[in-house]
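First chain A sits with chain B, and in the next complex the same chain sits with chain C.
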Partner chain A sequence: MEKLNQVLLNPAVQVGPNLDAWLQAGGGLGLQVALGARSTIIRQIADADLRGMGGAGFPAWRKWEATANAVGDSKYVVCNGNEDEPGTFKDRTLLSASPHQVVEGALIAALAVRAACVIFYINPHQGQSMQHMQLAVSQWQHSTLLQQLEQALGHPLEIKVVASSGRYIGGEETAVVASLEAGFPFPRKKPPFPAEQGINGQPTLINNVETLANVSHILRHGADWYRALGVGKASGTKLYSLSGDVLRPGLYELPMGTSLQELVFHYGGGMLQGKAFKAVFTGGPSNTLLTARDLDVALDFDSVWLRHSRLGTGAMIVISEGSSIIRKVAEYIDFFAKGSCGQCPSCKCGTFQLARLLDRVDGGRHSHADLDALQHLCQILPGSGRCGLIDGAVTVVKSSMHTFPQEYGLPVSAEPSTATA
Partner chain B sequence: MSETIRISIDGKVVDATPGNSILHTRLEGDTPLTANIGCMGQGVCGSCRCLVRKAGERSAETRLACETTVEDGMQVSFIDYYLPNHVHHYRPHDLRDGWQALPQLQQTFPELAHCRHCSGCDRACPRHIPVQQGMALAASGQLEAAAALFDACIMCNLCTLACPENIRPNHVGLYLRRAQAIQNLRPGDLLRRLEQQARGELAINTRSDTPRSEA
Partner chain C sequence: MNSAIPYAQALTNLTAHAQPPLRPAELSRSALLAQYHPDSDANASTLLQIGPSRGQACHPQLAALLQSNALIDGFDLAGAEQRSTDVLVIGGGGAGAAAALTAARSGAQVMLASKLRLGDSNTVMAEGGIQAALAASDSPQQHFDDAMRGGHQCANPQLLAQMASDAPGVIRWLIELGMHFDLEDPLSDGGKLRYKQAGGCSQRRILCYRDYTGLEMMRVLRETVELDPAISLLNRCPVVELLSHEDGSCAGAVLYDLEYQRFMVVSARQTILATGGCGRLHLQGFPTSNHYGATADGLVLAYRLGAGLRDMDAFQYHPTGVAWPQRLRGGLISEAARSGGALLVNGLGERFIEELAPRDVVSAAILRECAAGRGIERNGQLGVFLDTRALGPELAQRLPALQHLADKCGIDPSREPMLIYPTLHYQNGGVVIDGNGQTEVPGLLCAGEITGGIHGRNRLMGNALLDILAFGRRAGRQAARLAQAARHKSSLPPLRGGIEHVYRWQRQLALAGLDASVQAPLLYPGQARLALHRPTGTRAQEK
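Entry: the complex of A and B
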């Protein structure tokens, strides 16, 4: 099992909020490399093909470069630790068990984009994450490494730990900006993107906890080392939050591109009670369902995308035969309905109506007209919200109807594809 | 033969006559009407809540089907009645003391203080009532002004459905209108009519063949 927990969850770096222990474990070396080769940091992140691990899989270096090139006298770096999706439990582990690798990554990002302030935006419902990050940051504030960093920047670097609202919607990047401007975390229309105009109109780099946690290791060991960790064309490692009907649910750091089969049946120990694998809700769960036909898929952003789904946060909620897909979908839609921020009535009312129809179908109290209405809602709702919440909700409903038509009592097509866009 | 256009209602494509309302078009179709029906086109009951997406537009908007004229390519999804888990209990008798109006309102609707100012209620209201302003006025004690804003409210419940803080704005409006009615003198002509009726001077004729003018 040498492929497991090689970098971020490596036992050697699980030192908690203890800076000395982190430095003894090789921490700080990445920042020192960055200080010596400041102009090449973004190039190295690009060469490593580090992706945004919060769900988008967007190349991290593009945001870094956009923020670095944007004009602003008080730029921000925000570490987004709002993690609140059902089935995702990776960031809280990193923040509480190895906070210094997250802090060091954020400081390297601050050096690369010449930021004046670094903010750790943490979900307050994760008490230990907050506590350990506050301790970790207070230790860095008295460190010589930070002094060297400020000298390189030519100005002081403010570092803060800020509690997020703890709401699901608060993790959306424009909602992060709104929240840090002391408002309610309402998503905003894009553009402008935060890299151009973020907090108080200043260029703001917003990265997920896992993304930033990788940075010091890339700088320390090099882009080639990081790329070689992945399977095939995929780069680095990924934290997979495995849950649902498996024998050994838990958080697994595996090479990016590990197959779904290997994750579920090797690391996850297979299905509970020997039941058959039915489907998996991936990273959100606001993506297209993967089914038994997709067990061979490599769990990296590009390969999952080719199956018309998304890797998302790396959350994998496994469902076994005998479980109702409609019931699970109804529960997630109810979650989205409650989490909708309220700005867009189409999102708030649309998710409500989706939930009502799903509830009727699940309880067998529906008519054929309800199924037509459900499919129709999936046509008219996408794109009608300021953020992607309503689109994600529709995607999972649409996907479940397409993939498991028999559960809805819909006609089964001759050649059902495993996934739909 | 008049020109027809096509719209889709809850997944069914139907021919519609330009100038007709969505509800009228649905009535003409072959879909049996078992829900979202109340006053049948009078615009007073608020039952025919729907999401409407016009051709070429990105966003779906909340509307009343009886008040919305069909357009070619329009897509319509009807919305169920929304009943929140929490129901507010109060007795009209308790609303008589004007000095207690604000604390009673706060006690009955404590969530009123939680408004996050998202304006979702304003966007959801098919009568274009400035709902959020009404809630701000109510919370600040300007109860008469708040009640006046809700004169046009037909209790369709869309603002309640849209509110992420479960404020139930239309019910706040109804509460204030009730309080205002209880604390105010009634119109003189209404009082005189009621007196006449009590004396038996206003016979009520229920015969349907009698012209209305003789009643």
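Entry: the complex of A and C
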């Protein structure tokens, strides 16, 4: 049975920034349920096993609970729509095609954590995201639902749409906080986590667009319904951004835990030109490569983690036998080098050096010393930055060297092990 | 073959009249074109299915190439030599040389790549001359009017007006570079330029140097390019694919170095395609006057990258290609012969068309004579006579290339007629450009025969040499300007592009159900078939 686009990309909810159309399509019901049983919201999110869809896969309810329990007189809920990773294009679709879905989710979150301010932090460079969000939010300002919500909260709720810098690093949780405090998006050390001390020291709940978009559906249909959408132990659906050497790239909403094989060969229409499948860059793309051995992997956070990789944002950049891995890795590392905020010297210089070395290797201008240097950098760099940017960059380089040593001209071990992390 | 009049009989018919009579026209010109011009053939047009100009008419042989697969895959670029430049010019003919020179003189670093050598092109084969409204009685407006009418009112008026207005400046530039033109009185200093009549023109407007004007022009262009320190020249480096940035703009090109047998990735801030036309595709089996490099390479690559095309079903068949002997079939006899008084005569000894009517009309008329059994057959070759006897003994001096060709045919043109038949000569359509040669793809400019819209659906004699220089110079200037603006923003070398557009293209091919086993550009069809050498080792190990 076809299980495509059941929830978030369901044609019935692709109503654009029109609030009346959204309410007619069943919108608002989730918020009403939440208003009726506000003490159980977090419990329901926990039962549904909603994960952080921005890449971490961290159970959403933990952040919600931490924020709800933290002490503060004006808590924030931030919807993180900074999306700027290569190969990821899910949030911009949600924000422009179905913005009310996201707004309602954020309002329910605000109710759950008793926030005083909801901020939509949107990348202004992504199509109509910004424009549609502004339209959508302006319609909520005068709605009766918002008045009911404010009554339940006992204080007014401020809703803002803020343009992010559009920089890759600006999507990092603590960088979001820094950015919303009107500074440069420099990531900060954790702890303290934003749930305890975020914007202006206030507890701040930061969730990805896709995470919040699921919330109203969970409240409306119940946690059991949501769990049943997934395959096996996984729950819900996931937006997979499929790109690369496949016949039909695009955004597919599929049950969480759909296999890579099915995504690429059924929904993606198979490999372009019938070429052999070589590898997939997942998530950021800052994770360990999945190869032909991993075609059977269920694409949910836990199963992919068992293969020593990460599902990340759900981006799947498929590489065929005709494409060079080094070239792709060089491109991504170059992206990371340009995206580094520069405050940690090891990240600033490390990503630059990795990019320089990879460019040499890609151009066939490298020596053995360059390959040695690459390997050394992969050993000494991880864990040296405030945020995970340098770790992600190293992971993808290390993984590509381990999985495709022949492309680097490295000795091929007789029996490559599956573990690379 | 249709019935035809044997050569000996035709010769007798020809000599029966001192002055062959002109048969009154029984068909209007438009009816003649609709019935007999090769473009009107039912098999000469199909619709493009994918790409920016889908739905437009195109010759089927060309459509097969335009909707074809790339020669390379991403893996081929692994370990490839990397170079970068401000402006990359592809094509070593007149348009490429003019663009490179102008870009270099506007301050850009230029790389000029040719799949043959600089100057191996149709430019050197242009015999007749170059049009420019220089005479006192002439004006760019009249030049424009003539060309517009000749092109059946299909030309882009803006482009045509620019070409006609640029013409006097182009001639001045050529003279400054050192090119010779025929003068009225060659012995006096500062003599007046000599003007010749061209088919379809209201004025004597053709400037020439003997009947190898293009060769003389290329001589000075080549010398100047080779001596310019800002231009690095890459001979025998065919372009196999263009490079693109994520936003779809052009990022340079992938070349293949024949000498070292390896790929070269050239990142350029601006790329100018000046790769010429497609005569060597021998559309509908016609012979061609084009050189061996005219294989539509640039057209295919520009279309794949997203540049729109126009008039891809309009080609020019030059009326006077050699029909006999067979080994020289298709070779061009300049329109200068007819301009100087040579006559077209059928097997019955009659003239059947005004010799200086537009080329497409004359070609259609010749094809009609052949179809109606009034053609002439000699050793299995069909054609009509070009009666050059009226040119007299001055012929050898005035038209040395014609004399040379006649010598190769074993004919004395001052006493015998030559057998001729239309030959595929020029691609009227091509890539859509604006007044500066800019295509619909940012970062990609085009100049020369590859472009469309300047001449409409038919070109007049002498406007090709003008077109390549006028728009070659415009494209060069514009590319240098844009490259400098980009360099002003960032002094780093231009960003390296990829071949993501090829994957997008392959997807379209697959979804439209087109044959992905056809690969283009052809580069060197039928001769020394190029085997692209892949980086050894890695790929072999994988398979």
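By definition in this document, the second predicted complex is superposed on the first by the 416 of 421 C-alpha atoms of A that agree within 3 Å, B and C clash if a C-alpha of one lies under 4 Å from a C-alpha of the other, contacts with A are read in each partner's own complex, and residues count from 1 in each chain.
One rule holds in what follows: a contact is a pair of C-beta atoms (placed from the backbone, for glycine too) under 8 Å apart; a residue touches a chain by one contact, two chains touch by 3 or more.
If you're wondering where the values come from, they're calculated on a predicted model, not measured in any experiment.
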Exercise. May I ask you to decide whether A:343 touches chain B, chain C, both, or neither, giving the answer as first, second, both or neither?
Key: first
Practice problem: Answer with first, second, both or neither: which of chain B and chain C does A:406 touch in the superposed model? | Solution: second
Quiz prompt | Partner chain in contact with A:324 - chain B first, chain C second, else both or neither | solution = second
Quiz item: First (chain B), second (chain C), both or neither: which does A:372 touch?
Solution: first
Quiz item: With the two structures laid over each other on chain A, which partner does A:273 touch: chain B (first), chain C (second), both, or neither?
Solution: second
Exercise. Using the superposition on chain A described above, determine whether A:248 touches chain B (first), chain C (second), both, or neither.
Key: second
Exercise. Quick one: which bits of chain B touch chain A in the complex? Just the residue numbers, please.
Key: 8, 10-12, 31, 49, 51, 53, 58-62, 75, 77-80, 82, 116-120, 123-124, 158, 161-165
Quiz item: So in the complex, which bits of chain A are touching chain C?
Solution: 244-245, 247-249, 269, 272-273, 275, 321-324, 326-327, 331, 362-365, 406-407, 409, 412
Quiz prompt | chain A to chain B touching residues, read off their complex | solution = 184, 186, 340-346, 348-350, 352-353, 356, 369, 372-373, 375-377, 379-381, 383-384
Self-check item: In the complex with chain A, residue positions of chain C that touch it
Solution: 69, 73-75, 77-82, 498, 503, 506-507, 510-511, 516, 535, 537-538, 541-542
